[in-house]
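Pasting the structures here.
Two complexes, one shared chain (chain A), two partners (chain B, chain C).
For the complex of A and B:
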């Protein structure tokens, strides 16, 4: 495996980036004199100089496309900084150590400005404004919903109102970001190596920002050490290292420090909701107005997460009267990037907390409330008020399986027994809907992808695909589809991804799409080749082409398996006897196909709704926790999940995706939290000693069960795997903690449920009960 | 690389003696990766929290981002490139990680392998809780540790099995004539295939 930091080019130099210590300040002056004289330094650059050579970085998803506001994002700050950590100046030196030492010698004079880091405060009329040409700090405000919520609330037997604050947290793959740019002066072109999920769209972004043609940029993505959305592009460092290479005349490498990775935010939202329901637990009305604090507006696709949180409400529940309002607020925190779940994790958390609150207020079994509100299997396809056209599933069967898997009756009996001893065991359920394989109209977030399959005269198979792998195994799974179709062995097949010069144009990796799009496209291309192989094999084997099967490297007669020929010989025949045995079969053995899944609706319907997702994976999660009410510590004891991602190509990879996502969701529920100092506006959780992620001892084994309801809208019935698990785990654990604390009747409105937060809630409640 | 106050050191890396002049500011992990070109050792945090840079120094598991390169003078270093006995065959531990999907992106894998080796040396039959404790210093963000735990268990079982077979063979050496031993070994191989 060669990762970005393993690549060394001849005469390679290193970039050092100076970042703003202020959350909001005017840059009065920058003096590079001392830095330029420092040991090993070749070159140094300010934002004003960079702006002479570059244009703003195109937004991955421009808010303008949805009626919102936008701003220019540059590779180095120009005039003022809007978050602590914003790149201000850069150096190129002959070693990482010298580059890091030199940035300390850059003299910047700042004029600090008032700042705001709280989402609600940013919406106040007198709040400090990030962008002077905006009349407030709102990127966009979008409503979703349908029916008649006002009437439904008026008619509802019961109404609950509550609030849930979801913390800022992020994905943090163990490999940080890194880029190498190599400007070839004579060819006037860049070769850009980067840990990137989307090499082709990144090529377009670099060409725009660097004022060159797309043909002057080649992007190569080496092996990626985990991505989870973080390695989608728009980051200032991408175009910055390119510019540094051109201006310094050296190949330039930049590898992110963990404190820099931790700057990249995601997911912070405050939901204020209201739910109307009857005494049987049937929900008739839902209102959720929420504010997403996206930090400063960055060029990566982060802010779009909030959009999809709103669109995905009310997940797989049949609620006809819905009023959702999404407010995307900018503050002086660092920008978001995409994070696995892409906003849908927040929807699942909020919906599942709502279901448990309804159950608790009626003193009903939360499983039963879910059963009474989930879409039934005969009702698919089902169009939600948000516009999603949910393809298929059997949510009730999945729920039953989860109840059985965990042995719910025994767990509840144990819970009662332990409570007698003063111990607080809790069990929590969560239904999770994960719309997958999205397509955002008017952006390079495409819903389709393209693969090429080739077979050489020696029978070797090469797959080239526009989707990329972040390390989850889609490369192997795509190969598996092709190998099965062509009847060859894995040893005769290889796959190439991530190089814009060799692979067909594609959108890369996001939205659990790689198998649905790249996998299906490879399947279609393999089918084309199979037809040719079977035709020529039938001629060699002197039989009808319906009497030929391919397998184990051979083509053989179905009627007489002793008559067979190596597939390699069939391939050789096609290339060498094109005017005899293989006549009429067009060489080469090569096909490029695109897979466009069904069900995507880019044109708005009569209610203005679009459907950006073809398929909808779903899952039921169940967590068992014990809460120590003396310390507030939550011990996750058991975890089960029933997962339905349609047809499964490789169960081990699907389980691996789910297990990893659940671990992230558990982290989100219990510990992960990016915290800014309210006094200074600076991120305090800037390393793994303060930003806590689950370690092995924090987790139990994860019990997984598959349910398969193939999607009617994709060729192989795939629904996509990879994003599911975050919201489900966060919700199941949160519901379990609340179930454990039910005897105290506690509702915690701030995530994560860290020991401090839980203990504070317990102490507060004890005080209340004493009164 | 500029030799900012360059200092000469000698280390034995994966059994091979290496002389180097290194920048005194350079950490051990950068020395291993940049100067020695052994890029199987990874960098995830540079603060000793993630374990991606795990190697052994004089037989002890060490996070190489927390040590300076100069401190390794005269030490014996083992990196992932020297983990298996030969480059042709994976070790029992590596095979167990492969079979049990004990990794996804591969970035944390070298550190996990060294922790497993150390655990099994001290405790050939670890419980799930003991395995979790042993790898607690190493972060994995892809697997939820699920496949890793299974892999360590499998490695433990297969290491014990290999040890038992070795012991049996040793017992046989006492009793069997050389020709018979060869026969038996061949028979064993046939029954496997």
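For the complex of A and C:
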């Protein structure tokens, strides 16, 4: 395994990047004189100079494509900065130390401007505006929904209105971002090594920003130590490092500092919702108008998360009158990037809180309210008001399994017993729908992918695929599919990913797509090769080709397994006896196939809805917590999940994904929070002593149970298994905390449920009750 | 990343330490280095001279008549392993986070001299009625732990002076005690700590709060207060609250009361248990 920081090129130099200390300021002047004279410095660059050599970075998902507003994002700020942490100038030096020392010698004069970091405040008419050519701070407003919400609310027996503020938080892979660019003067081409999730689309982005042809850029993404969306592209440092290499004539490396990783935001949304239902707990109408504070508009795909939060409402619930309005606001916080869950985690959190609020207002069992509203297994495929065409599932069975797994009756009895002692135990459920393997029309967020399978004359198998691995094991799982199909062993197979020169064009990893697209494509390619192997083996074994099976490195007669031949010999025959034994079987043993899953609908239907997801995994989560009402601290005691991602290739990897996502969701529910100082607009949670994440000792053993409902729209029945878990865990824990506090009748409207927030709510409620 | 070049000295006895730190240049004393090196990496501290205490013979725990002597460079691991470590301090050391790296490198004296309000050591040393022995070119002076912590990140140490020894009265180390530490989660620094050692007459008469204020807060009790009274009194004594991204001043003040109550309750329960 080689990570970016392990790569050392001859004569490699290091980039130092000066970042703005102000959230909003005009750049009056930049003086590089002192920096240029500093020890070891080869080169220094301002934004104005960079702009002479580069074009704006193409947006991963341009808001323009959906009727919104956009802005030019550049590798170094030009004229003004719109967030604290924005790159302003850069140097190249012979060591990281000298590069960091030199940026301190860059003299920048700023003229600070009024700034805004709150999403609601940014929408006010007199709010400071980030982009002078916009007439407000709204990137886009998008409605979703259907039916007749107004009439349904008018008819509803009960209506609840409430609010939920989801905090800004991010993802923190163990390996931060890192890039090395090496401009070859004679070949006039860049080799770019980067911790990237999407090498092929990144190649396109770099070529646009750097004004070269795609053929002049080779992107190599070696092993990536965790990604979670953070390593999707559009970051200014990507093209900056390339430009620095070209202008300095040196290979240039840049490795992100943790404080820089923590700048990248995601997920901050304030939901204001209204739900109409009857006394049986059946929900008839839902309204959710929410504001997403995406910070300054960056070129990465961050802002699109808000779009998908809106589209995914109302998850797996059969609610037919829905009114959703997504408002994407820019503020002077640093930009978002994609974060695992890609907005759907917020949908799940909000929906599951709504279900529990309905249950509480009716004094009904929250499990029962779910049962009465979830889509039933015979109703699939089911088209939601957001346009999603949900493929398959058995949500009620999953719910029953979760209830049984946790022993709900015993838990409730224990809860009553402890309450007598003044202790607050709570149990919370959450249903989670995770649309996976998305395709966003008109963008390089593709819903298909391509794999090549090759077998050499010695029987070695090589797989090349356009999907990349962020370290979750899709490389192994894809090989497993191929090896099973070709009857060879894992020892004879290898896989190559991430190098744009060798792998077929593909979109990389996001949206739980690697197995659905790359895995299925590899399966199709392996099938092509299998047909040739079986045909030639049947000739050698003097039998019919229906009488041949492949396994354990051998082809053998089904009717007489003692008649067998090594698969390597069959391969050798195909390459060497093409005009005799293998006649009519076209060499080489190589096939490149693309898998396009079913169910994606790029063209809007009569109601203007598209379906960007082929497949929908689901899960039921259940959490048990104890809340210390004297301190507000939440102790997570048990956690169970019933997960359905269709056909499972490798249960260990599926469970690994689920456990990791649940840990993230628990972090989101209880502690992870990117906080900006309201006075300065600067991020204060810039290290792991202030940005808290869960440790192993904060988590109970996660009890996992699988349910398998294959997808009818993918070849192997696979659904995705990369994103599920976050919203489910966030919601289950939050519902459990509220259940524990039910005797006090408390609703907490601000995430995360840190001890301070929980205690504040308890104290506030105690005061209310005294009055 | 550390940017500047600096002179590195590793004195081998106390006199050499005095010589090394007696200079006009900015000096950083390194005990375990878990604070200093981090600060240098973040460019928050840029010394010209770094004085590493690791060879100066300043670690270890020993008993001399009525006091226990603790070397300031004693690591948390050494505190856990030494036979003479006061049980209260062993309890404190066992709860230090940051894993084996911090326990093996971080030292009690380093934490005391840094005087970071949420750390365990300041409150713990005040709970133990420790005396801090300071040395400079002018000789030795002794300062009670209560007077050593002047403000957040500020101690009674003067330029050219270092912490040579920590003395703990033995009588205080043999009695029933409780140490309550509240953290948000495993990865969080302490929010509030409360230490209570029973008095000679077998009552809970003194609680020391760490983390809630800029310096440790001593809560003196008559011994017969109700839990509500203890909580209220404690909260009223937090006059210079500490606040950071993990918990604001209000929360810390409130939790100080709660933790003080829990510490006293634990001590009272043990005393009752012994009497039975």
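The criterion applied here is as follows: the second predicted complex is superposed on the first by the 771 of 771 C-alpha atoms of A that agree within 3 Å, B and C clash if a C-alpha of one lies under 4 Å from a C-alpha of the other, contacts with A are read in each partner's own complex, and residues count from 1 in each chain.
By definition in this document, contacts are C-beta pairs under 8 Å (C-beta built on N, C-alpha and C of every residue); 3 or more make two chains touch, one makes a residue touch a chain.
Quantities reported herein were computed from a predicted structural model and do not represent experimental measurements.
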For this session: Would you check which partner chain A:759 touches, where first means chain B only, second means chain C only, and both and neither mean what they say?
Result: second
For this session: Spot which of chain B and chain C makes contact with more residues of chain A, would you?
Result: B
For this session: For A:631, select first, second, both or neither according to whether it touches chain B, chain C, the two together, or no partner.
Result: second
Exercise. When the two structures are overlaid on chain A, which partner does A:147 contact: first (chain B), second (chain C), both, or neither?
Worked result: neither
Problem set entry | Which of chain B and chain C A:96 touches, first, second, both or neither | both
Problem set entry | Which superposed partner A:675 touches (first chain B, second chain C, both, neither) | second
Exercise. Who does A:663 touch here: chain B (first), chain C (second), both, or neither?
Worked result: first
For this session: Check the residue A:693 against both partner chains and state whether it touches chain B (first), chain C (second), both, or neither.
Result: both
Exercise. Looking at the overlay, does A:685 come into contact with chain B only (first), chain C only (second), both, or neither?
Worked result: second
For this session: Starting from the residues of chain A touching chain B, keep only those that also touch chain C in the other complex, and list them.
Result: 96-97, 688-689, 693-695, 697
Problem set entry | chain A-touching residues of chain B, taken from the complex the two chains share | 1-2, 4, 23, 25-26, 30, 33, 39, 42-47, 49-50, 52, 101, 104-108, 128-129, 131-133, 135-149
Exercise. Chain A touches which residues of chain C in the complex?
Worked result: 1-4, 43, 182, 184-189, 191, 244-248, 251, 254-255, 258
Exercise. What part of chain A is in contact with chain C in the complex they form?
Worked result: 96-97, 100-101, 104, 630-631, 633, 670-671, 675, 684-685, 688-690, 692-695, 697-698, 754-756, 759-760, 763
For this session: Please give the residue numbers of chain A that touch chain B in the complex, ascending.
Result: 1-3, 5-6, 39-40, 94-98, 171-176, 223-226, 228, 255, 257-258, 470-473, 652-653, 655-656, 659-664, 687-689, 693-697, 699, 701-702
